[in-house]
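Several structures are given next for inspection.
Okay, so chain A shows up in both of these, paired with chain B first and chain C after.
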Partner chain A sequence: MPLPASGMNYTGSVNTVTLGGGRRKTTVTVGGAKTVPYGGPRAACGHRPAIAIDVLDAPPEGWPAPLAEAYAGVLGDPAAWARKAVEEFGADLVCVKFDGVHPDKGNLGADHAVDVTRRVLDAVGVPLVLWGCDNAEKDNAVMPKISEAAKGEKVLLGTVTQDNYKNLTALALADGHFLIAEAPLDINIAKQVNILVSDMGFPLERLVMYQTTGALGYGMEYAYSIQERERLAALGSDKLMAAPLICDVGTEAWGAKEARATSEQAPQWGDAARRGPAWEAVTAVTLLQSGVDILRMRHPTAVATVRRYLDRLWGTKA
Partner chain B sequence: MALSGLEIFKLLPKTNCKKCGQPTCLAFAMALAQKKVGLDQCPDASEQARTSLAAAAAPPMRLITFGAGPAACKTGQETVLFRHEEKFHSPTIIALALPDDLAPEALAARAKTIQAFAFERVGQAMPIGAVAVIHRSGDAGRFAAAADFAKGLCKALILVTDSPDAAKAALAHVKDSRPLLCAATDATAAAMAALAKDAKCPLVARAATPEALAALTEKLKAAGCEDLVLWLDTPDAWAGMEGLTLERQLALKKNFRPLGYPTIAFATDGSPEDQAAAASALVCKFAGIVVVETVEPWALLAILTTQQNIYTDPQKPVQVEPKLYAVGEAGPDSPVLFTTNFSLTYYTVEGDVEASRIPAWILCVDTEGTSVLTAYSGDKLNEKTVAKAMKAANLETVVRHRKLIIPGYVAVMSGKLEEETGWEILVGPRESSVIPRYLQEVWRS
Partner chain C sequence: MIAIGERINGMFTVVKDAIAAHDPRPIQELARQQAAAGAAYLDINIGTAAADQEGTMKWLVETVQAAVATPLCLDSQKPAVIKAGLSVCDTSRGVLLNSSPLNRKSDPDVLTKYASMAMEAGGGLIALTMDSGGVPQNVDRRVEIAAEILTKAMELGMMPEKLFIDPIILPVNVPGAQAQPGNILAAIDQIRLMSDPPPHITMGLSNLSQGTAERPLINRTFMIMAISHGCDSAILDVLDDVLVDAVATAEMLMNKQIYSDSFVKAYRSTSGAQR
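Showing the complex of A and B:
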């Protein structure tokens, strides 16, 4: 039986962003969708979403056993950690998260951050995400050095917020990087940040949006619906909302009780060694349905599950 | 989709007899389109006009019920494509597979596992709604025996078989429990439709493309089956997802009746991790029923939580029961913090208090599910409501000290609160993420 036309005709599209330059051996291209996620033929859905594996600049504290064990031996060595993420776990991107710079979490200085940046750049050939410590004052002091150390590598630098964007925007512009614009679960603020950044002369085509991420069971649906609305705005030709999206799945999912509780603490939920990675994987797969383009992830089993899910849809990567 | 005034006018007698109280048939048609009057006010309306108008008024996606008594499940009658437009109405039914080729002991063991599941989050039960008896043995008698056994589980049943003979054998045992018969194909349409009609149970239509599905539902409808469920059965995962979206769009936006039914989908392949991932995606993308094979509790917990999140009403904040919560081994000397009963606020605070590794009490104040600042500006969070919550929780007998940590954003209410309660007020951090450091450094010192 012939079907009527669906009537869902979109005029706009998500921007296409290609990360990686300079000494990077690979590039990662995301975005480009002309319809809602998986709501049209493959050609209309843009590029396959990419997975960035987190590497922390300093040994993390309080990681639950299944996560810490997956990176045993490299947690104090960002370069070795990054190599493991790429060579063993197949990361498309490496996201260096500079938690150790945060005043409450080690208060390490710019020299340390630059050293980590250089070592990770040397260790792997994939494009990088370089993500500050989320303390405005400290980020303003340290990120300029990080940006400079990665000059020409076309990294994704983050994050800029409504209250703190000038410094990092100017840097990214000068050093040829891409920017993450952050707006916690607020679509209006998201637009506002994009306007502020573009008013400084930063091209909208070099932006990636971050709405903060809720873990499965902990506000995932808020991020989900905002991201869905942002995709619809992009498809409706709102150029200010056409940037691809990034989610921090790893940090959020592993903050959930369902991921952290040991098998002894929650026997009714089954084997903790598989539960945590599954929580992370399902958080990622649900957010993929809302239109996220780059997933920040942590556990290799979760990464493998999401990759198999994407392979089934997009075909195995060459 | 409602008919326009002109479309309705074409169905009327066009006599301008004024018996309906309107000056002309056209005026009556316009009033009908605006739902100001009913068709019963026209004494000369034809049977065809009545049927057409009733059909146009029917919901674009049919509501299907299967299972009997307390096990009854509902699916369908969705109204939107995106949850933010309104909300999703009928939470995806999660069904567990019960293959009929299992040895009797294995069947019993699996049944016992299924029955023991009792998941709950934020005070809401998350049930496994249905059991899908799957015909893999090739033996109609065995399928019937498995269905008969599954009846004892007191869950809604889905009978999954391509064979009309096996379906007939199973229905003889379980038709009183109104199972969902799954499925009729183009080849078995007549036989399966006859069985479903006879047993008065809903029927799944199974085809490889949306076009073929639409043709099949018309065929089944002509055979007398109106309670239908769509199963787009394609080996191409992309086509499966794309098809689910297309079916929803056509049903809701185009009022395309042949696809105006809820959907069933299977995530029974691969590891439990793969099934959890595939099932969760299907929950997001409009599947009314999802069948999984895994009985790993962590996989089911993740799928059910996805269902709970996606089917939450975006207009109504999820609330936590307002009471006193202990985090860790909280005792009489542990700190007390208060926050609101908006679930996102509460669970963020709870997570950060937990991360501090200092046992503590969280007093959850009833603010009708609003966040700290919203509640404060709406006067739902003030010295009176906090004092009331403290009293209700018998805080004075729970802890020995008289110190209350308040959210940094409402530091301004310190004075009044101290006056109202007589407790010492400590202003906590503005951001929940700073709570660990606050408790470790400020509380401990």
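Showing the complex of A and C:
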């Protein structure tokens, strides 16, 4: 009697997404896993996760010193900031986050957003993630211009939600971009957003899912378990849940008081210059275990730590 | 759920007439309709429609696979008829053989024959929980036979995921048969504990309501009851939209599909092979 095979045979896989086109000098391919994260044969693990470094369209307010110091001199210049992220810190992708157009954070207009988009596209050769301000009304006004300015570059546009998806989906379809489908830590809504977007004729193969992200100590386990379940759904051939995943580690980790508090405010927690990056790096590597494919990150030390971790895990250099 | 479309069966007049007239069109139309409705396999059963069963099986297989890409479920109690079907069947799509009991008085090795043909074709096998003594009337004998089938199949090298155990549903209105649906559910519970992964559980659903009033209602209701006990396949009428929607809902409630507000639509947009 033969020994029964003990391995799990999954029938499905995570979609493979390749970002970057047009004038991009590199492309980034993520997804493709046919097994649980780091749980099966090497050949089934798909593509190595990618790191996107955040570049803000306008100088950030209230960034803790370790973060602000890492980008000293470029915080008001998105193009220089993007170059630094790629050339010095080795970003696979640049994520331009348009906080400055938010009505409460500067209320800058579409002209500004287009200008930033063009300058960053000119400054770096890596693929871009272009992420709105998370105010539906303003995003609907500004994102069409951003999408058009990046036409043909196969960027990752974000985000569409259950309540606001038609505009951006139509744009991404027309301009050849990829889309981030967002759900508020809710796997059922995540599936619904994907269905809605797909109903508009947008290919599921051009979607990346964003479950919102919790940092270490701030609900990371919710994001973790949902992402874990999404991976299992993809492996079980649920085509509606097979998109790769993106996490916003930088924003969330640096929102935690454990990362933000200065050495003077919390001397018992150790040196703030090391604590913040550590908080970000631990959040990132933990979420990697749940199957995330693209990490949005901020601090160069955290980025370097996670990259070393990925190098060891994958036995390759990015 | 692995839905096996039941409609290409010589017991249906339209199929019987098409076989008699050698007219492929009604058969191919049924194949297309069932494939579009999400059948993972299409059952091919000659019934009593033709004297030349082997030749008719070949003709049906060729006729159906010329119309759709859906894999077939070759349905006959005669190994020679199955063999004839396999000789022209495109098994690269997958195939199911339907079905063999544990043994027969006239053919003690019938299970070995079916399992060997299934393995050679790289396909699956539906095995009935009956033996030379007939269909068991209680839970325990059904479970015993299922265990013997599973053991035999594994001895032959067939893994549980290729094996579909059919606990045999009889018409509920047959005298004395009304305890059987409950017995079948109890048997399913135990059969699923026999291996990990367990064998599939399938059933000829429509048989339950033969000769009754309210046929669709009985079929739909028992399908949902069986799914709640772990049944993951059935030979059924995939053209019954209410039944398919009920299956989608039952599978969602059993956490087999992730809920979304459009869960029925999501299920219907998923191909039969991936449901």
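Criterion: the second predicted complex is superposed on the first by the 309 of 318 C-alpha atoms of A that agree within 3 Å, B and C clash if a C-alpha of one lies under 4 Å from a C-alpha of the other, contacts with A are read in each partner's own complex, and residues count from 1 in each chain.
Simple rule for what comes next: a residue touches a chain if its C-beta (ideal position, glycine included) is under 8 Å from a C-beta of that chain, and two chains touch if they have at least 3 such contacts.
In this text, all values refer to a predicted model and were calculated from it rather than measured experimentally.
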Original post:
Does the chain A-based superposition show chain B and chain C clashing or fitting?
Top reply: fit
Original post:
What angle, rounded to a multiple of 10°, is defined by the Cα centres of chain B, chain A and chain C, with the middle one as vertex?
Top reply: 70
Subject >> Per-residue touch tally on chain A - higher for chain B or for chain C >> reply: B
Original post:
Touch check for A:191: first (chain B), second (chain C), both, or neither?
Top reply: second
**OP:** Based on the superposed arrangement, let me know which partner A:63 touches: chain B (first), chain C (second), both, or neither?
**Re:** neither
Subject >> First (chain B), second (chain C), both or neither touched by A:258 >> reply: first
Original post:
Taking the superposition as given, does A:11 touch the first partner, chain B, the second, chain C, both, or neither?
Top reply: second
**OP:** Considering only touches as defined above, state whether A:239 meets chain B (first), chain C (second), both or neither.
**Re:** second
**OP:** Considering only touches as defined above, state whether A:229 meets chain B (first), chain C (second), both or neither.
**Re:** both
**OP:** Between chain B and chain C, report the minimum C-alpha distance in the superposition, expressed in whole angstrom.
**Re:** 6
Original post:
Hey, what residues of chain A end up touching chain B and chain C alike?
Top reply: 1-2, 4-5, 229
Original post:
Taking the complex as given, what residues does chain A use to touch chain B?
Top reply: 1-8, 36, 38-42, 62, 104, 214, 216-222, 224-225, 228-229, 232, 255-258, 268-271, 274-275, 277-279, 281-282, 285-286, 288-290, 301, 305-306, 308-309, 312-314
Original post:
Once bound in the complex, which stretches of chain A touch chain C?
Top reply: 1-2, 4-5, 9, 11-12, 187-189, 191-192, 195-196, 229, 233, 237-241
**OP:** Quick one: which bits of chain C touch chain A in the complex? Just the residue numbers, please.
**Re:** 154-155, 157, 159-161, 195, 257-262, 265-266, 269-270, 274
**OP:** Sort out for me which residues of chain B touch chain A in the complex.
**Re:** 82-84, 121, 210-212, 214-215, 218, 237-238, 241-242, 245-246, 249-250, 253-254, 256, 258-259, 270-274, 276-278, 280-281, 283-285, 296-299, 301-303, 305-306, 308-310, 312, 314, 344, 347-348, 351, 354-355, 434, 437
